[in-house]
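We call the chains A, B, C, D and E, going by the order they appear; numbering starts again at 1 in every chain.
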Amino acid sequence: MPSAGKRRSAKTGLPPGSLIHIGEKHAEKAKITLCVYDETSFQEREIQTLEGTLPPEGEPVSWIHIDGLHEIRLLEQMGTAFGLHPLILEDILNTEQRPKSEDHGDYLYVVLRLFHEDAGGALEPEQVSIVFGRNWLISLQEKEGRLFDPIRERLRNEKGRLRKAGADYLAHALLDAIVDSYFVILDKFGEKIENLEDALIGRPVPRTLQAIQALKREVILLRKSVWPLREMIGSLGRSDSPLIREQSALYFRDVYDHAVQVIDTIETYRDMLSGMLDIYLSSISNRMNEVMKVLTIIATIFMPLSFLAGIYGMNFRYLPELEWRWGYFALWGVMVTIALVMLIAFRRKKWL
Amino acid sequence: MPSAGKRRSAKTGLPPGSLIHIGEKHAEKAKITLCVYDETSFQEREIQTLEGTLPPEGEPVSWIHIDGLHEIRLLEQMGTAFGLHPLILEDILNTEQRPKSEDHGDYLYVVLRLFHEDAGGALEPEQVSIVFGRNWLISLQEKEGRLFDPIRERLRNEKGRLRKAGADYLAHALLDAIVDSYFVILDKFGEKIENLEDALIGRPVPRTLQAIQALKREVILLRKSVWPLREMIGSLGRSDSPLIREQSALYFRDVYDHAVQVIDTIETYRDMLSGMLDIYLSSISNRMNEVMKVLTIIATIFMPLSFLAGIYGMNFRYLPELEWRWGYFALWGVMVTIALVMLIAFRRKKWL
Amino acid sequence: MPSAGKRRSAKTGLPPGSLIHIGEKHAEKAKITLCVYDETSFQEREIQTLEGTLPPEGEPVSWIHIDGLHEIRLLEQMGTAFGLHPLILEDILNTEQRPKSEDHGDYLYVVLRLFHEDAGGALEPEQVSIVFGRNWLISLQEKEGRLFDPIRERLRNEKGRLRKAGADYLAHALLDAIVDSYFVILDKFGEKIENLEDALIGRPVPRTLQAIQALKREVILLRKSVWPLREMIGSLGRSDSPLIREQSALYFRDVYDHAVQVIDTIETYRDMLSGMLDIYLSSISNRMNEVMKVLTIIATIFMPLSFLAGIYGMNFRYLPELEWRWGYFALWGVMVTIALVMLIAFRRKKWL
Amino acid sequence: MPSAGKRRSAKTGLPPGSLIHIGEKHAEKAKITLCVYDETSFQEREIQTLEGTLPPEGEPVSWIHIDGLHEIRLLEQMGTAFGLHPLILEDILNTEQRPKSEDHGDYLYVVLRLFHEDAGGALEPEQVSIVFGRNWLISLQEKEGRLFDPIRERLRNEKGRLRKAGADYLAHALLDAIVDSYFVILDKFGEKIENLEDALIGRPVPRTLQAIQALKREVILLRKSVWPLREMIGSLGRSDSPLIREQSALYFRDVYDHAVQVIDTIETYRDMLSGMLDIYLSSISNRMNEVMKVLTIIATIFMPLSFLAGIYGMNFRYLPELEWRWGYFALWGVMVTIALVMLIAFRRKKWL
Amino acid sequence: MPSAGKRRSAKTGLPPGSLIHIGEKHAEKAKITLCVYDETSFQEREIQTLEGTLPPEGEPVSWIHIDGLHEIRLLEQMGTAFGLHPLILEDILNTEQRPKSEDHGDYLYVVLRLFHEDAGGALEPEQVSIVFGRNWLISLQEKEGRLFDPIRERLRNEKGRLRKAGADYLAHALLDAIVDSYFVILDKFGEKIENLEDALIGRPVPRTLQAIQALKREVILLRKSVWPLREMIGSLGRSDSPLIREQSALYFRDVYDHAVQVIDTIETYRDMLSGMLDIYLSSISNRMNEVMKVLTIIATIFMPLSFLAGIYGMNFRYLPELEWRWGYFALWGVMVTIALVMLIAFRRKKWL
């Protein structure tokens, strides 16, 4: 979107690694939630600082979730406490990142995009960053959201896989939740497309075209995020990083399949929207045809008749028909005949 | 199709491996057919449970066919009895899967799509899953169908290959039957396209356009299923799994050729449908041209004539022509001349 | 083509390797010609059976050419006598094969397509199959043709390469003859395109559009056959089969260059036909413009004049101009002036 | 752009390596700035000759920046002093180079393009060449610019990375500044696109189309430069040249991400501009429709009424209605009725 | 072009390696120029036969240039004297070759295409073949041209590279001259495109469209030759043939860059020409709109006025207004008012 470049260009001329938050400021204070869990225990609490949160090797998994990116101080703490590369911190703050994953040896960095619908029904992107090591995971969101609540719920209750598996499986669970959220958006698109199709079969107006184009643009926007997402998840599934264990890789490949399904649906929607544009344009042509036919029918019938009326409105001294006893009525007869012949001809041409 | 995302999004927030049937419920009870065969013997019976159906190594081949996916209990039995990965069970139930094959070492999992025509002639997809090991094969369909009857027939009668070969050859036979069923659908498409072409050469109406677009969309839908199908069969043919023996691989490559042929035909149909859209649009323009010509001819002939009639309908005191003895008849002569000149001019311009 | 799928679907449900001839039956009996040649000798005769025709290692080359595929018995003989895989026999009979080559160790199988022009000038495909080993080659055609006559001629007379080289060089000669026959077809297309261009520069009619579309479809049909042909010949040229000797591989690469040239020409034709469609559509628009201009000029001149005539045709008691001595003539002056002004305005606007 | 080939062709027939400046001459004298820096020191001065500026191994980094390419003498000095290949000197002078990087062992050569907006808002390309070895870097620009000022500023003040790192990191900093400058241009494009969209929703005029096309062409121009730029930076990031150290490669990959982001935005803009063309064309059709409706409504109402008036303007001796006492008023009633009926019909058809 | 296939098909049925000249016969006798040079000496003379011209290993470089391909005898001599493969001789004579390079061990064969402008400004292709070994090079052109004169000039005078380097560098010089000649043609295209753009902004006529299409076709023709040219030169630059020494490979890569630049420019021209087609079509629509507006304005003003005039031309016995003293003048007032109201309405709608 136009604004993508706009905000990004604010950084021109700064050294790489400069921590400047590129994106809308969300006024509330950043909120940090820490979950520490293993097969037998589960703790969840809100914390104020990231110092000292890196769990030693062999300890339970720590999941730190941060809502809100505007506190640069927090990012700096994070960089120091977990030993992250300055470019990662910069990427987290620059909320126009292309989805990608980076393997830094001790930890993996994943950035991707989430979509919300704003009040007017337009898509609003939000960047989610995930950094994870052997037994810790940090997830960062631009603003508070409820997307990961079901995962927290599963962590609390479940006797199952999530509590037993490590940070890599948690990362998978977060990615899975995000990819699943795309299906919700595609649902809404599907409905809008169906409504537009009904509108097209009825009587398309210029607003219909604008709606088609708006939807098309949102589909393009989504597509722009999902294609690199697919690559990214695919590379995680094939990754040879020791941080992603063999049994988790299978789950990443499962999310990959879902991402491919999202792309298939998006491509189908694009094709459908292109088809709708064709229908719209040809329906305009059709209506023009219809208008022209009405005009032509009227003109073709009344021009000859008016001409005849004009003839007998002339003031020639010697105009024999005017003197005939039944001239007027005969003329009417002629006129009705002409009109009928015309109408039959139009019917033959299927114009009526 | 819009509905693709719709149903899928019902799973948002659930852990992977949750067994929930995504798709229409088909009310009847699931039906399980077990065929046990080797070169010398053949048994076929209906069974109620999958427990204990995994044949030991070296035994005859067991083919278990399940019609209907809604009994979660069955899937769970299957998972336990044959030791399948939970993600496979989830994929079988999620009937929006993209065609793919997965090699799990002891068994191969294949999922693909079949198309039926519903009452209105629209394509209705159905997911078919096939899991097979050395001497067993499970096939699952959403609802009861007769597609595999000829294979059962060949199993019963034949002294030939199918009875002698193993589960991999049976899997090939099922895939072959499914790919062949695409040819039936392409036949019907071919007929529809021929009908539409006749309609186009005649007098295309807006309904023609809608039919073209509807067909185009079905072709896209089919294409979306066949492209990954091709990849999938190709990877089976090149597979280095010990479950697919060298002599069977050749047969998989044969099915691969058929899938490529299906794709070729689909792409040709797409090109043809695009060409038909062009013809439709230009035929609308042509007809508009025709309408405009009629209007212009009528107006060009009668406007000058009416003007002349108007001249001699004026009431000037001194209007000499009105007094002439043959004025009226002379005017008719002038008028007929004008009309003839016009008609000749139109003929020259090839408008008539 | 629609019919491609139609015929093919007749096989649905049959086991692979079933020998059923898919294609039109050509009533005459199949004709088998056997040529046996080496550097010093050449024999040619018609034979009735294929039994015993496989020449032992070290013997002269045997070329068996079969016109007509409908005698299943012959195919079965061939399979037995030369030890061919059943799938090859099936592929030979199924005349909708995609061009491909298969390396079966002892022999290579090549299938491709030839095009004839039927009486109406439409392209009619014919499938040619070639199977060759070290010192034998079988070629099969759907119906009798004269395409390979020059090769037979060269075999008879020539002291040159063809008599000295083995079956691989003969295979190359056949492929070369087939690829060369595409140039003949492209010639005719070139002529048709030139004619259509002349028609377009003149006065395009709807028939022109239909001709463009028909030609476009034939080009697509041809293209569908030549793309895989190119791949196939390319893979023969790069083949590591011992049946294709190094010195022959060079000749296959030469044929490959020709196939690429055919594709280049086809792609150029496609571009040209697309450009012609644009010209056609814009020429329709242009003509509509022309029609509208005539209408507008006529209406713009005669409507004001008729209005004036109408004014002085009114019966007001006090209408002073009517009483003027030169009123009528003055009005004519006004009218001529108006018409002239209009005409000058149109000339200025370049409508005339 | 057209002029690209024009200037280039001036070299036809000259031997490669001929030093001829292809591009506009910028009259002022070339200006050379030399910065010598390491972790502890920083010197900056203007110099007149390049002789003796190659720093020995182990010395601080020398950055030589040259504004203005027209002094061939300078290039020759540079070639001699730094031992550059003649083809590089030729490429530097030929300002129509495609972005690329070349590894010459002892030094790397990078050429890319920068864009300025000229007075009229059109994009003006400028070629930037960078040659760097272990501890020296030469950058060349066609004319004086302020793009690298922030980097010089960072060199002066910073205690950070840039002063500590070698010539490879400086090269990265220059590339980063250039890629960031693309975001500024994309910003402006974004604004122009938004303005065009507003104009489209209002009342598009032919000028709008020209503006869309002009913008589209600038986007194509930009795209032509950025695609190879991406490849080039990518190959630097993956380079195995010893001149690019491991820790710097990471920074090159960061710039690569930015270049990909630029391409994504450019592709989105292209899609949007294509969509705008569709909207423009359909809005013209819509307006034509509107015009035709007005014409048809007027004609359909007044033609029948004029016909009736014509009827009662006839001079038949026996025309009974003319004698009726209320004939005139009755006729008005009939006329008003006809007009109303017509208007209701049009409203029904949604034409009003 | 259509004629491409036409000429080629003349060879159908002939054995490969048959020496038949496919192309226009140029009546004059072929002209052979021999240049023998090394660092210290240079000889140039015209010769009549190729026999004995192959220089022994270690001798100075011999460059044999042949203008005119129609003397089959010469080709045969060449084949014998230099030991060339018969297929190469055939390719040289068949002037419809696709640009390609072939490595035959002892020598390399390169064929490519040159373009001249004929009298009418249309592109005329000419095939250039180059065969070179260690210390000899044969170049063949269809007809006499002056393209290589500057190279001969450099050979005569130069103390530089060309005299010192071997046949590979000479081959590079020839290729460079040919690629540079493409820039001259692109220049002319650029000028034509600029002229067409001016014509489009003015008043496009059907001839403009034909010019756009003609240019587009030439661009396609050029493109068809340059794409394989790029590949070919690229493969020479990467070649591991001992005939191309390391220091020359760099120069081949330089020519490769130029070829890529040619392709970039061609692709930009294609995009621009497509954009011009859009502008042309929408300008036709715009003009149609303009015409329709004039018609509608005239009709909308004069139809109501004529109707009123018709009303008062009726002959009702009781038509009170006719008797009014100022009826006529009042009617004029009403009419002028109506016309003004209409005009204001049109101005409001921006039709005027």
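By our rule, contacts are C-beta pairs under 8 Å (C-beta built on N, C-alpha and C of every residue); 3 or more make two chains touch, one makes a residue touch a chain.
Everything numeric here is computed off the predicted structure, so don't read it as measured data.
K.L.:
Taking a step as a move to a touching chain, how many steps at least join subunit B to subunit E?
P.N.:
Steps on the shortest route: 2.
K.L.:
Minimal path length between subunit D and subunit E through chains that touch?
P.N.:
1
K.L.:
List the centre-to-centre spacing of subunit A and subunit B in whole Å, with centres computed as mean CA coordinates.
P.N.:
That pair's centroid distance is 26 Å.
K.L.:
Centroid of subunit A to centroid of subunit E, CA atoms only: how many Å?
P.N.:
Averaging C-alpha atoms per chain gives centres 42 Å apart.
K.L.:
Where in subunit B do residues touch two or more other chains at once?
P.N.:
Expected reply: 281, 285, 288, 292, 295, 299, 303, 306, 310, 313-315, 319.
K.L.:
Is the chain-to-chain touch network here best called a line, a ring, a star, complete, or other?
P.N.:
Ring.
K.L.:
Could you list all chains around the ring, opening with subunit D and heading toward subunit E first?
P.N.:
Counting round from subunit D, the next being subunit E, yields D, E, C, B, A.
K.L.:
In the complex, go through subunit A and note every residue touching subunit B.
P.N.:
Touching subunit B from subunit A are residues 150-151, 154, 158, 160-162, 172-173, 176-177, 180-181, 183-184, 186-187, 189-191, 193-194, 201, 250-251, 254, 257, 260-261, 264-265, 267-268, 271-272, 275, 278-279, 281-283, 285-286, 288-289, 292-293, 295-296, 299-300, 303-304, 306-307, 310-311, 313-320, 350-351.
K.L.:
Show which residues of subunit D lie in contact with subunit E when the two form their complex.
P.N.:
Listed in rising order, the residues of subunit D that touch subunit E are 1-6, 8-9, 11-17, 85, 87, 91, 96-98, 100, 203, 206, 209-210, 213, 216-217, 220-221, 224, 277, 280-281, 284-285, 287-288, 291-292, 294-295, 298-299, 302-303, 305-306, 309-310, 312-315, 319, 321-328, 331.
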